[in-house]
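Before any comments, here is the structure.
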Amino acid sequence: MRKKSYKAWLEGDIAFRGFTYLAALSLVGVVLAILWVLVEKSQLTFTKFGPGFALGSRWDPVHGVFGALPLVYGTVVSSLIALAIALPLSLGIAIYLTQLAPHWLRGPVSFLVELLAAIPSVVYGLWGVFVLVPWVRSSVEPVLGSALGFLPLFRGAPYGFGMLAAGIILAIMITPTISAVSREVLLAVPRSQQEAMLALGATRWETIRMVVLPYGRSGILGAAILGLGRALGETMAVTMVIGNRPQISPSLFELAQTIASIIANEFSEAFNDLHLSALVAAGFILFVITLLLHVMARLLVWRVARVPQGVTRE
Amino acid sequence: MLNTRNKWLVLLMSILLVGVLVGPVGQIEARTIALNGAGASFPYPLYSKWLDEYRKIAPNVAIDYQSIGSGGGIRGILEQTVDFAGSDAPMTDEQLAKAPGEIFHIPTVMGAVVITYNLKGVKTGLKLTPDVLADIFLGKITKWNDKRITSINPGVNLPAQPIVIVHRSDGSGTTNIFTDYLSSISSTWKTKVGKGTSVEWPTGIGAKGNEGVSGAVKQTPGAIGYVELAYAIQNKLPYAFLKNRAGKFVEPTLETTTAAAAGAAANMPEDMRVSIVNAPGQDAYPIAGYTYLLVYKDQKDKAKGTELVKFLWWAIHDGEKFAKELLYAPLPGNVVKLAEKKIKQINYRGEVLHK
Amino acid sequence: MRIRRNQRRRIVDRIMGVLSVLATVVALIPLASILIYVSAKGLSAINWDFFTKLPKPVGEPGGGMANAIVGTMILVGLASAMGIPLGILAGIYLAEFGRGRLAWTVRFICDVMTGIPSIIVGIAVYGTIVVAMKRYSAIAGGVALAIIMLPLVTRTTEEMLKLVPNSLREASLALGAPQWRTVVSVVLRSAAGGIITGVMLAVARIAGETAPLLFTALSSRYWHTGLDQRIASLPVYIYTYATTPYEDLHRLAWGAALVLLALVLVTSMAARVAGRRASGGNRG
């Protein structure tokens, strides 16, 4: 009797363990399946163009010539613009929320910033098309063009749509990610060091500059990379505002195309096998880029502070 | 077992799950025959009207059509992810060779591609000649007050604004008709760009769908783009008059579209894959084309095939009367006869489905 | 001299303080703008028909998005039915049993998965399920969303379970409960609040996903007729309607955006409030 129940006891455990084990393996299975589809379906392109696919600068479905460079360029540059805007902003927010804001305000403000992360990408896109793009066209680009038009960055016709609009919308979207992670990183800075600094007569800013920021440096870097990773793979909002033209142009006013946006545009209607496989191949490149960035970010953030759950929404 | 405060959260989750469970039940109750189509966005307004009207007379058939571009329609029919496809570009021989069965092109209506623009104070009727149009889209003419435009438009006050070209970013039959036209009138275009459902544009903004292009043109001062006639008129977008082969500036209308088809209709090939751009005739508008529904000759599902044939028959007869109000040119009589012949050949294991 | 330097230091301090406040304000402007536009424009589109009627053909005024609202619910429900149990089980594995190389791999894979752009998930599901089934379907859409949800649920579960003190486990085991009993009735139960929060955040997240649905669930003009058929959803409708030139459809797109935003924000706010309470009060 007793022996039997002991056996049941064991069997229950083994079965339960087995279930959880299988569930865990399913994650590995899913990622391998995704990888398999990407590799399998991009065969045609990589055998035809070789690794040069990543460096080809023409994307011409009519003549069957595909090179991913304009897409990689669009993806990387729009994300870097986003980072250039979002990083200082997020640092400001993180500093304000951890060092300066009155305590009663910290909760509500960080909640509001995190709300930005909850807004669906397609809603950003809708707002981008009807609010942001007209504003960029009528206010931002003419002002930048006349003030800084001597730089090739700010030349050309103000379309509204284009690299700049995509960069701005991405910046808004990644700010909550970067600021939340930076906040955690800054919170992990030992209180005693800051107090020591203040006791020596330093101002608050000097404390931040000489103690807080250096201490959190690699964590902030990790946060930035995490944000960058999110920007690289962002699809809908970018597709709706970037202008969808695969080209490499120094001007931020110009239209561009990212890997994700070209897939959204062309995947459902590409009918010849080469075109389709070229899109998948571009997706494969995106996969590899985000993978590398992600690994880097994790390593950096892990070193400093545990990433709080619910913060990384990518 | 859960904290009280979390109970309602669980409730919410359960509601979502119930949705899944109720889903299949509702489906059994209202088992209808579903026919799924996708493809060209060019005829989408008409098709959405058709589907709505057809539902009224055949409530047991749910026909869906999603506008994803002609290229997507062609891939859908080749991969058999759709029951029928829409395309403004006839399939090429190479594409047809890939199909697992014989594919019929059933023309439904004709449409015209118009040149639309966004110029303050300039309404419909800007005049364009073929070579000027080609050079604008080639990026050779970059300002609206270029001599070559102003000289053919005396009295029109054209601004010194840069020309912003808007083109389709997705594969589309509209692009095919438009680039087919540009290739037929400009040898530079033909060698440099060519024709196709998506081409490598020398310049300009890409936008998705007829919708996207007219949307972008509407939002961008100085923009020029090409859209389907119905889209331009329904959106009250201004459009250009084009010089046709007979040397006359023609307004794109249903009549001038029909005039373009009139000549071409006489020598319609048996498989109905035909280009009617730059057609001869005094009043022929030069950028026009058929739009097709693509179906397999040999249907694999008898019930579906039967309903599909019924719908096609209805479309080219009763459906045509909705064409004009939505600004599509109905098929000429002899083309309807040719289409009838094709529909009558659609079969299930040799059994003709048309009754 | 000394005083002037101190003054400068104080001014710099002030300026940096103002800048950080400014950064916060600047970041909140888009939030305000989005909320205002979506509610102002969305409200004008919303009426009874919006929640009860099917879309009208292009160019005819009126019509609603009832099918898309139901469709989104079904897709999210399908994804949850697959993603939540699997994710929780995988999370249990990582927290309770996961040691050694396999656990490290799973944890790594889980991190990688959160970083995969959602459009790539769409391609992968298209390449497998849609091509195999030869049609766009609600199932394919549900699977795509479940894949996006899976790592989020796994991660949450693992972290929440790890917060449960070991003494609870030991007490349960000492009473003679088998390990599975311990995990299910003791550990999981005490972490339930946190897990539900994480799960709801994941649900809110996938409810707004568009990219993976474009090639999997597509869209539809009708009520869904089966899980093996294409299905309408709010995000895809917003995308397609926003890019049309029709004012009527723009209005509907704003309306749909308002409904979607309300769904997503209410869910994630509730999740956060629940989470705050759970972590503030007694855990379990």
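Labels for the chains are A, B and C, by order of writing; each one numbers its residues from 1.
As a working rule, a contact is a pair of C-beta atoms (placed from the backbone, for glycine too) under 8 Å apart; a residue touches a chain by one contact, two chains touch by 3 or more.
Here the structure is a predicted model, which is why all the values come from computation and not from measurement.
Engineer: Taking each chain's centre as the mean of its CA atoms, which one is most distant from subunit A?
Structural biologist: Following the centroid criterion, the farthest chain would be B.
Engineer: Which chains are joined by the largest number of contacting C-beta pairs?
Structural biologist: A-C
Engineer: For subunit B and subunit C, what's the span in angstrom between their mean Cα positions?
Structural biologist: Chain centroid spacing, subunit B to subunit C, equals 36 Å.
Engineer: Counting in whole Å, what is the centre-to-centre distance of subunit A and subunit C, each centre being its mean C-alpha position?
Structural biologist: Once rounded, the distance between the two centres reads 16 Å.
Engineer: Check each residue of subunit C and list the ones that touch at least two other chains.
Structural biologist: Residues 243 of subunit C each touch two or more of the other chains.
Engineer: Spell out, as numbers or ranges, the residues of subunit A touching 2 or more other chains.
Structural biologist: Correct list: 129, 268.
Engineer: So which stretches of subunit B touch two or more other chains?
Structural biologist: Within subunit B, residues 68, 207-208, 215 contact more than one other chain.
Engineer: Can you check the complex and tell me which residues of subunit B touch subunit C?
Structural biologist: On the subunit B side, the touching residues are 1-3, 5-6, 9-10, 12-13, 15-20, 23-24, 26-27, 30-32, 34, 36, 38, 44-45, 48-49, 51-52, 62, 64-68, 79-82, 207-209, 211-212, 214-215, 218, 231, 234-235, 237, 326.
Engineer: Please name which positions on subunit A make contact with subunit C in the complex.
Structural biologist: Against subunit C, the touching part of subunit A is residues 9-10, 12-13, 15-17, 19-28, 30-31, 33-34, 37-38, 40-41, 88-93, 95-97, 99-100, 109, 111-116, 118-127, 129-131, 172, 175, 179, 203-206, 208, 229, 232-236, 240, 260, 263-264, 267-268, 279-280, 283, 286-287, 290-291, 293-295, 298, 309-310, 312-314.
Engineer: In their complex, what parts of subunit C are in touch with subunit B?
Structural biologist: These residues of subunit C touch subunit B: 56-60, 70, 73-74, 76-78, 80-81, 84, 130-131, 134-136, 138, 189, 192-193, 196, 199-200, 203, 218-227, 229-230, 240, 243-246, 267, 270-271, 274, 277-278.
Engineer: In the complex, go through subunit B and note every residue touching subunit A.
Structural biologist: Residues 68-75, 78, 95, 162, 164, 169-172, 193-201, 204-208, 215-216, 219-220, 222 of subunit B touch subunit A in their complex.
Engineer: Along subunit C, where are the residues that touch subunit A in the complex?
Structural biologist: Residues of subunit C touching subunit A: 9-10, 12-13, 16-17, 19-24, 26-28, 30-31, 33-34, 37-38, 85-90, 92-94, 96-98, 102-103, 105-106, 109-124, 126-128, 147, 150-151, 154-156, 159-160, 178-181, 183, 194, 197-198, 201, 204-205, 207-211, 214-215, 235, 238-239, 242-243, 250, 253-254, 257, 260-261, 264-265, 268-269, 272, 275.
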